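Mind looking over this structure? Questions follow.
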Amino acid sequence: MRKIGVLTSGGDAPGMNAAVRAVVRCGIDRGMEVYGIERGYEGLIEGEIREMTMSSVGDILHRGGTILRTARSERFKTEAGQKHAMNVLEAFGIEGIVVIGGDGSFRGGLELSKRGVPVMGIPGTIDNDLGYTDYTIGFDTAVNTVLSAVTNIRDTSSSHERATVIEVMGRHCGDIALYAGLTGGADNILVPEMPFDINKVCRKIIQGKNRGKLHDIIMKAEGVEVDTQELAQMIEERTGKETRVVILAYLQRGGSPTAKDRMLASRMGSKAVELLYDDEESRAIGICGSEICAYELAEALEMKSPFNTELYELADILSK
Amino acid sequence: MRKIGVLTSGGDAPGMNAAVRAVVRCGIDRGMEVYGIERGYEGLIEGEIREMTMSSVGDILHRGGTILRTARSERFKTEAGQKHAMNVLEAFGIEGIVVIGGDGSFRGGLELSKRGVPVMGIPGTIDNDLGYTDYTIGFDTAVNTVLSAVTNIRDTSSSHERATVIEVMGRHCGDIALYAGLTGGADNILVPEMPFDINKVCRKIIQGKNRGKLHDIIMKAEGVEVDTQELAQMIEERTGKETRVVILAYLQRGGSPTAKDRMLASRMGSKAVELLYDDEESRAIGICGSEICAYELAEALEMKSPFNTELYELADILSK
Amino acid sequence: MRKIGVLTSGGDAPGMNAAVRAVVRCGIDRGMEVYGIERGYEGLIEGEIREMTMSSVGDILHRGGTILRTARSERFKTEAGQKHAMNVLEAFGIEGIVVIGGDGSFRGGLELSKRGVPVMGIPGTIDNDLGYTDYTIGFDTAVNTVLSAVTNIRDTSSSHERATVIEVMGRHCGDIALYAGLTGGADNILVPEMPFDINKVCRKIIQGKNRGKLHDIIMKAEGVEVDTQELAQMIEERTGKETRVVILAYLQRGGSPTAKDRMLASRMGSKAVELLYDDEESRAIGICGSEICAYELAEALEMKSPFNTELYELADILSK
Amino acid sequence: MRKIGVLTSGGDAPGMNAAVRAVVRCGIDRGMEVYGIERGYEGLIEGEIREMTMSSVGDILHRGGTILRTARSERFKTEAGQKHAMNVLEAFGIEGIVVIGGDGSFRGGLELSKRGVPVMGIPGTIDNDLGYTDYTIGFDTAVNTVLSAVTNIRDTSSSHERATVIEVMGRHCGDIALYAGLTGGADNILVPEMPFDINKVCRKIIQGKNRGKLHDIIMKAEGVEVDTQELAQMIEERTGKETRVVILAYLQRGGSPTAKDRMLASRMGSKAVELLYDDEESRAIGICGSEICAYELAEALEMKSPFNTELYELADILSK
């Protein structure tokens, strides 16, 4: 393959730029032409495409967000939109593309794949909700961002002997809450994968209080079926402990990527180019243990990773 | 004076520990006994008092929050509560106290002062809302905390070509929004001191868009008389630009104090001890230009500092 | 087993406290008594031992260094010292211990193991130089610490169009240089495992210059057989590019552990307790892929992990 | 005045970009043309000049270093070089310039001023060594950078019960050491302005040891007349305490500017433009207390600010 494209789609994630850089530089190093497609599938339809050079990805490795920008595209969900996208790829002579994004972005890629364009998917999302890979790009950065917020909040929480509910991202996948909760020393971790039990939450807060604990951190994924403000009120009523709410929201999306995310992005970008260079079929690229792995794209989208109950229980023991 | 007490009261602020450390060590250095009073006026009434040593304030200089903890006290607002507090001070032989906190804490100190105990007030609040001093302890840290949030949010905001409304603390005083807005390159700064004009806000966003600006940051103090979520909707409707909301809330309160706040706290703590040592009357300690200043306590509480319109206009020019 | 001890030994590493916390809390949770041994093997000989409680490891999860402190012990290298240590363990009724440290600490543990005390080794060192485990506790934090230094240095380096040699830790193992170099976008990475070629270094700097690159970062592990200052001079003479040196030294050792290191430490600490609880023989605990693994202690010390040439070559391509 | 230029010269400092941004945007806002001169006086001689727009200074406010780059210029020190520079300014129709830099850069500006070009000097240097202004741009950032290094080093220092000598910048001016030492809780602060007394240094270390202090931080400005490595040896020999050295070097120069430095840079940039707009004579712009001040350029270079012995003594008391 001689000409490839790269785009970022869906919610942005720290490390997307590191992945774009790896795709561009590894591609050029193999003698390919690499085209940057702006604003995801929307930009593809619009033909917002420019050839990338070694320099065009200089000084972006440490930047959050994505220089290719990203957007949702209603049009691309239609037959017409996809046909149009194919015409644009043909017009530019682009033979295969690398899609950096989450579940939705991969499904979009699958449509192009069905129409004959090899698509290599790189998991770029902070949610870590793709079953076929141990980790997604941006997850480690998001967890560390939540940790530094926890550090700030703990100061205030202790000084006032308060409980604080921290709402983090995660509609269906509680990994951010689980990892940040365990490593942040949260007293309670609430995730969509586990039943919500207000009594268990209050029990731990009361136990902590009796043990002389000053602060209580409740780490809650947004997907848990209880409103965060209401949860705070319930805790306050049942434990008599003043309870505050902090919703981290978009803070978790940005920031300079951690070493781990940059490494993951660099290795995956390199793998994506290698697969296109070897004219492989569409693949979803992931990390399995310490190895970069690649699954058949459609297959990968079906794979589910069970919730890590072992970590969940460990977190409970460590915060006793 | 031989025996003094120190307490922190009201909302905590980064640098309170640095101030406590300075009071304790400067006091001991002058041969005084220094007593730490826990949980503000509530702890004073309860007699939660312990003698401090050089070591008891070791390793706290860089910590956010307050090791003396803080609390609101309804009882202290009553005649009875204040009398009780006086008895406790007498029982411990404490001749004067240092109160680290905001407006409300100072008013509490004034009551003790009227009953004959010299009280030295140190401005510990992130809001910078005390008229007699240029800066309060914690303000610089809070502004820098907001700045790092802005950096994170800008990444995402640019990638999605979105506008983001960041709500920061400040019910009556817009200084956090003003300083963080100017130094964070916010396109719009909304403070309680200035009239809110939705058209001006939208005008700047549209101008920026036409100039090819990708992100828009609207820095809004919580005290501005428009609901933050509603504001985001108004902007989205009127500019057609997707608009998100981030409420920083308690994130702004914690964190390790900046050099500036540690310096301010150290100098003010030293000054408070000096004034008590010299048997001066109750004072509010502040920073005026580069000098530490001290006003008669009651007087200080009456002083108002005008909103800095010069900075407000400069911010507007710089974000054009 | 009912009574266990835990000590940290050798150079400190971020995450050691997280491991101590996990050992203490998981041990107590299993109904064991857990004793903290201060200052490594030296404190063991001296009998500097105290029983730990749930609270005694509170608020340390996010702290760098080690609350148990660490020290080198000449005495423990002697027959007499080891006998003495055994007597102390017997006196306290400690049946097994967890040793958190590097290669040397494990060898010390092996001596106790030979004398009949089960020893569980947890890899706590920033160098990542233990062959049996993919990662050691502290490595991820150290790499991220180097990255933030690179960010600072790049600013100055670009403004002055200078080259900068950054010397990082790693006498025999170049992993810090490799990981921080690849993820920091270093133009050259010098590690003890690969031959040093001044011409290759200069070639890349000259190529970068011709490509309009402003800054050059040379990431050098201390173990590379060329003096860092001399290297800078050689580069300056051969490329005509002003070249500066920064030696990060002990900066790399401290700091709050990253999420990854806290997670690793928590999981390994839990595993160590489980093995002692089950009266297993001495083991070295590690992470293999995404699983916690445990090798026979003596065996583990013999295992070598080959240098990751794949990453080394990827770094070269990415920095072209 | 209609056409102005701006350049950065000498060592770079965090906040220089914020100053450039303010000069450009305030200039354009007043209807002036603003030209960016690259690589300081060297670029001026070479005619490396481009007109700046509102957008050309977008997204630089939070960046360290300087987008205009900086360089030393031997040629500009000559009569011929200065004449040449004047010709270039005339060729571009540039009527006045803003020079952002330190002492040397101001002296260069003075030469142009003598030849009839109004020059407004903005103090951009981390050293805070300009007598006419309370603070220089970059100083606050540098001090905070040193503080975060101290936090890292303290962890390791405590775990090993070691002393650490931290060498910071400051050849003639010890302000970085003084401010970072006081706010970092250094046990000893060594500055060029005060006599060096090895006995005093050791006395405090021994006292601290006896008080059960685990770590000792000695903050030393590079200008102090004792070699840092030798100092460490002297301390080790005389106190028996293991002593390490960390030289922060260029780490202190980079990084994203703090809120205080961005504010200072923005206000000074605005003032410089105002003065040129009003056709004022050459001035050195500074901050005096909380007000922006402007001195006659030649005069400003003669002004000396005495070393702040009050802070020096306070630091000594606080670290007892």
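Going in written order, the chains are labelled A, B, C and D, and every chain counts its residues from 1.
Methods note: contacts are C-beta pairs under 8 Å (C-beta built on N, C-alpha and C of every residue); 3 or more make two chains touch, one makes a residue touch a chain.
Every value quoted in this text rests on a predicted model; they were computed, and no experiment measured them.
**Student:** Most remote chain relative to chain A, going by C-alpha centroids?
**Tutor:** That would be chain D.
**Student:** Suppose each chain is reduced to the average of its Cα coordinates; what separation in Å results between chain A and chain D?
**Tutor:** 40
**Student:** Give, as an integer number of Å, the spacing between the C-alpha centres of chain B and chain A.
**Tutor:** 35
**Student:** Counting in whole Å, what is the centre-to-centre distance of chain B and chain D, each centre being its mean C-alpha position?
**Tutor:** 28
**Student:** For chain A, jot down the residues that touch at least 2 other chains.
**Tutor:** 151
**Student:** Think of each chain as a node with edges to the chains it touches; is that a line, ring, star, complete or other?
**Tutor:** Its topology is that of a ring.
**Student:** Each pair of chains that touch: what are they?
**Tutor:** The complete list of chain pairs in contact reads A-B, A-C, B-D, C-D.
**Student:** Using the touch definition up top, name the residues of chain A that touch chain B in the complex.
**Tutor:** 8, 12, 14, 16, 63-66, 69-71, 145, 149, 151-161, 164, 214, 244-247, 249-251, 253-255
**Student:** Per the contact definition, I'd like the list of chain A residues that touch chain C in the complex.
**Tutor:** These residues of chain A touch chain C: 18, 21-22, 25-26, 29, 54-55, 58, 61-62, 134, 140, 143-144, 147, 151, 179-180, 182-185, 211-213, 256, 258-260, 262-263, 266-267, 270, 288-291, 311, 314, 317-318, 320.
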